[in-house]
Amino acid sequence: MFFASDNAGPVHPEIMRRIVQANDGYAMPYGNDPIMDEVRAAVRDLFEAPQAAVYLVATGTAANALALASYVQPYETVFCAQYSHIEEDECNAPEFYMGGAKLTLIPTDNKMTPEALEAAIARRPHGGSVHMAQAGAVSITQATEFGSVLTLDELRALTAVAKAANLPVHMDGARFANALVSLGCTAADMTWKSGIDVLSFGGTKNGCMGVEAVVFFDPEKAWEFELRRKRGAHLFSKHRYLSAQMAAYLQDDLWLDMANSANAACARLTAGLRNHGVQMVHEPQANMIFARFERGTHQRLKAAGAKYYVTDGDLDSGPADALLTARLVCDWSMSTDSIDQFLSHF
Amino acid sequence: MFFASDNAGPVHPEIMRRIVQANDGYAMPYGNDPIMDEVRAAVRDLFEAPQAAVYLVATGTAANALALASYVQPYETVFCAQYSHIEEDECNAPEFYMGGAKLTLIPTDNKMTPEALEAAIARRPHGGSVHMAQAGAVSITQATEFGSVLTLDELRALTAVAKAANLPVHMDGARFANALVSLGCTAADMTWKSGIDVLSFGGTKNGCMGVEAVVFFDPEKAWEFELRRKRGAHLFSKHRYLSAQMAAYLQDDLWLDMANSANAACARLTAGLRNHGVQMVHEPQANMIFARFERGTHQRLKAAGAKYYVTDGDLDSGPADALLTARLVCDWSMSTDSIDQFLSHF
Amino acid sequence: MFFASDNAGPVHPEIMRRIVQANDGYAMPYGNDPIMDEVRAAVRDLFEAPQAAVYLVATGTAANALALASYVQPYETVFCAQYSHIEEDECNAPEFYMGGAKLTLIPTDNKMTPEALEAAIARRPHGGSVHMAQAGAVSITQATEFGSVLTLDELRALTAVAKAANLPVHMDGARFANALVSLGCTAADMTWKSGIDVLSFGGTKNGCMGVEAVVFFDPEKAWEFELRRKRGAHLFSKHRYLSAQMAAYLQDDLWLDMANSANAACARLTAGLRNHGVQMVHEPQANMIFARFERGTHQRLKAAGAKYYVTDGDLDSGPADALLTARLVCDWSMSTDSIDQFLSHF
Amino acid sequence: MFFASDNAGPVHPEIMRRIVQANDGYAMPYGNDPIMDEVRAAVRDLFEAPQAAVYLVATGTAANALALASYVQPYETVFCAQYSHIEEDECNAPEFYMGGAKLTLIPTDNKMTPEALEAAIARRPHGGSVHMAQAGAVSITQATEFGSVLTLDELRALTAVAKAANLPVHMDGARFANALVSLGCTAADMTWKSGIDVLSFGGTKNGCMGVEAVVFFDPEKAWEFELRRKRGAHLFSKHRYLSAQMAAYLQDDLWLDMANSANAACARLTAGLRNHGVQMVHEPQANMIFARFERGTHQRLKAAGAKYYVTDGDLDSGPADALLTARLVCDWSMSTDSIDQFLSHF
């Protein structure tokens, strides 16, 4: 009953197999391994973007921070949703990599709205006052940190606002796969065809060991990114083991299969909870749920060994029927048994 | 005939086995995995340092930059040898992590001398002029970037100079194992018993996939380091796979066995080259050689597929008997066959 | 009719006289001039703080950014009011000087409330999650950017919240003098006796040429500040001309006289506007007004040469009776004539 | 007998007069004052550069650090002479402003040579190894920190090396005026006609209160510079007092007259010392001398109240005839009496 995060599950055996397979003799270091050529081709193919620049790093925070730093100057600001990962969970890594640029938070409890984004940008116009942080970029998380998925229309409405202000758009795709299978569109549809300039393409949360691709649909920033990656100490000497993960991840739609499994597990969990009358804070659209249930139930689950985060409510005192909010995440390896066992405590 | 670097060889099968073994079910992320407890205990035991703070990162540059940043303020400077890795090969990562602190280069073509270090520090005394970068720390590479190993006496002479100036001392131990087996002393002898405050304890160049430990012999900086590691985007969610590498590396002296293999291969190569009258630029003491041989020989080796870097001399023109300097590195997996094949071209 | 800002008025003749007087022969540079000794003594005396460390810089942004950087680590965050100067008007200078630390905005349209501050800090507890920016400091502007003045009780309620969380408190006192004469308390009351650790003590907006003192009530950070000031390029070689300004400013209560003049001018303007039925957005308590009046009136004022900023509303189109919000600031030199002339257009 | 530095002398009365004159009523802040228009025109005229972007800051370190930061990326390095001011006397300000870029020191005891510069750049070719700091810019001090002046030929030989490597060239002209009158060429000759891209045009050391112009001969970086200046907290609200200094400085060749006075004083001092058999370490070509004289003489001068720095030798012990090296600087206000009094002790 491990619902704490999709970053705690095992590596898919097929990915592990490919890592082991890569472990043969010498290979040129620092991204010059032949498997990286394969990865680059596969990513370009997947995104229908033959010119895209493709790089691998080992953490999602590195992907986000380096991608943003490639576009944003230190005297600028990045517009992002109020509770986005880059604001909440990266301990100032984006600010560090951007040389002290700011994040401007768009008020929302889940998805950013175009109206709110437009209003925020309007306060910091290009070529405006020298005293203000200048508009630098927009960053959108897909799927969101609350388990929602922006429709293509929603996404395009946001990027249209950014483009109207001449701002590049970054997508934090730590759960890109979960969003994609939820929408059922193509990878190109959800990125450059919808106005995304640079993507953090997550692998780690979806069955890899630790690999994320940064994909620049316009390769102009490629060399700068390479230098920034090295300067950030994120260039791996034994790079082939990053390449091997990503190669296996993309092969034969493994990545989509895993995302489908995670989303299906989440749907089963959602349905089961609703059967017990549990309310969802947001409509679950990928592999994450924010559910409201009673403190007493929480205590039973805890005692039974269930793992998850409570994001709102008093865990330690108060009446047994006080409602808490729990975040429940399903990874690719989540079993039906775990879910049913979890539900049995309601 | 791959002598380009020890960062291009395969992972030792025992380490790979342990990675695969770790791939079972869920594990708490971000360094809270149980294998990390094992690693911490093993490192403390190895260094006879029960209070040491022990952390894992995936690259040597990250280990160095984060270790230095924990001690050095942005208005300070780090004293290091002229051609040290942190100066030459890390694309300003130390400066980035230290917030713009400086590196002050101690002139030398190999080992730093206490006299040169003392002279450099004397120009930037503590509490001296507010206009100058202040003395911040000393960084020593062991084994050096030229394949030499500082004796314990040499090491202690350097750290004594640092201590006299109240400066903490960092050791870049990317090839710590190779130095240790060369000296035949204990890990404690070569570190805190010789005045080292913080160590980058390399695994990647010696048979791991990508893992380095940062060891603080005084744990005072522990929490700051954790925050700086996260902010640098170097905290792994699926941390167990870093832990597994380091656990296997340290188990049953595997790390020492691998270093012994690499050094022995290097000794065989050195002896063979000397038999052919080849001069060494520095006396090889670990697993790296700087050898002077003729351009014609180089061209034969290149044609035969040998890989290594030429660090001095004109590769592309000039007389066939012009001398070049080649850097030749042996990793743990270097075969006798490769060496003998290499020597056969002389 | 210049109400655009108090940073556009002339230098008080007495201050200018002292600058000219200082221009005699050689003086030791970089803060070692004898006038600085006088300034240090005067500031300590004024604040009843014989141990205070006192430094001069030339801009308010430098004072704020350097003061904060002396307390806040790059992986931390500063809590400040939503529309504070450090967030809105310093083009990421605080983030730059703090090495990429964050500002966390406390929602408010004027004064920060203790409840909102407490709630924000509670989300980032000390020793909490390594993933979050850590609580670093609280920054309070007095008088606020909206012309309000926190009472000593309000101030102490805020610093009590900060102290309960072990956070140092910075006061942005760009308009310290205007607040002080408004409250009628002592400088010690409004600072260290109310929990302030470090103060940006403004001179520029109140009749100086360009000088701000940074006052550390605990001198522990003194040497670090000196190094950060130099590294920020804010240490003046011909420092005596900064010293001379501050010496004259403090002499014979000149600074209080000027603040009284500015506040009195503002009170006259407020009363006059209210006589014409003009509403104030906030109750004016120092030398700044946010007044709501008609677009038609605005156009008449503009045509007559009045200078001020419109912070809300459409200047260029819409009905003549649409209400705009205008910010009107009075400096020490504001004349009764200017005010009456301004009022004559209503 | 104040020979410690040219940054400790008084402001020229004509400059002070202009500051006082500027103190009339309100003026638009932040560089929008009308005197700045006058300054911009005068600088463009002086440099025969009608497109030049011209900005004022208050310290030489700010001018250097901001000028370099406008051209150099954080993963790059600036080539400069070994003992240049940006390396020795700015407490990491250049590194801070450049986001952690490096300075690469060209070995020399005075002027940089083209050969040494070329060799240093050759080690860091454009598009070379991603592991190395990339070549970013060249910075040249004119007059040098040792009182020498590069001839136009020497200057052009250096910039030719930079241009061949596609590197922009910065000139630290803290003593630009002293060099210019020494060479007797035009300001255009000594800058853009000799390959300089951006100039720190010093005023402070030559009779101003605290003002330096940054002159971009290509205005492409203008807006970025404005943002970086603000972010560095170097944008003055009461900017008119910076403008007034520079306006008076340039009017009627006052700046050249002052430089001529300083250089003439230095020449008189040099001749006098040579008459007493004193050796110069470098040939004095501007307003600074490095002279070798006996410790006993030094003690007599000290006792008589002479102020200067001893840069080499033991001040406190040793035989009376041991030679020390003294740095002696003459500013515009240095009197013949002071010089003769100084010489009388030999």
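Each chain gets a letter, A, B, C and D, in the order it is written, and its residues are counted from 1.
The working rule: a residue touches a chain if its C-beta (ideal position, glycine included) is under 8 Å from a C-beta of that chain, and two chains touch if they have at least 3 such contacts.
Quantities reported herein were computed from a predicted structural model and do not represent experimental measurements.
Over half of the residue numbers at the interface between copies chain C and chain D are found on both sides, making the touching surfaces mostly the same.
Taking each chain's centre as the mean of its C-alpha atoms, the one that lies farthest from the centre of chain D is A.
Set side by side, the interfaces B-C and B-D show unequal numbers of C-beta pairs in contact, with more at B-D. Rounded to whole angstrom, the centroid-to-centroid distance between chain B and chain D, based on C-alpha atoms, equals 41 Å.
With centres set at the average Cα position, the gap from chain C to chain D is 34 Å.
Computed from the mean C-alpha positions, the centre of chain B lies at a distance of 50 Å from the centre of chain C. Each of the following residues of chain A touches two or more other chains: 74-75, 90-92, 96, 99-100, 130-131, 134, 227, 230-231, 235. Remark: chain B residues 74-77, 88-92, 95-96, 98-103, 105, 130-134 touch chain D in the complex. Those residues of chain B that touch chain A in the complex are listed here as 2, 4-5, 7-11, 13, 16, 19-20, 23-29, 57-62, 65-66, 90-93, 96-97, 204-205, 209-210, 227, 230-238, 241, 307, 333. Looking at the complex, you find that chain D touches chain A at residues 30, 73-75, 99-100, 127, 130-131, 134, 223-224, 226-228, 230-231, 235.
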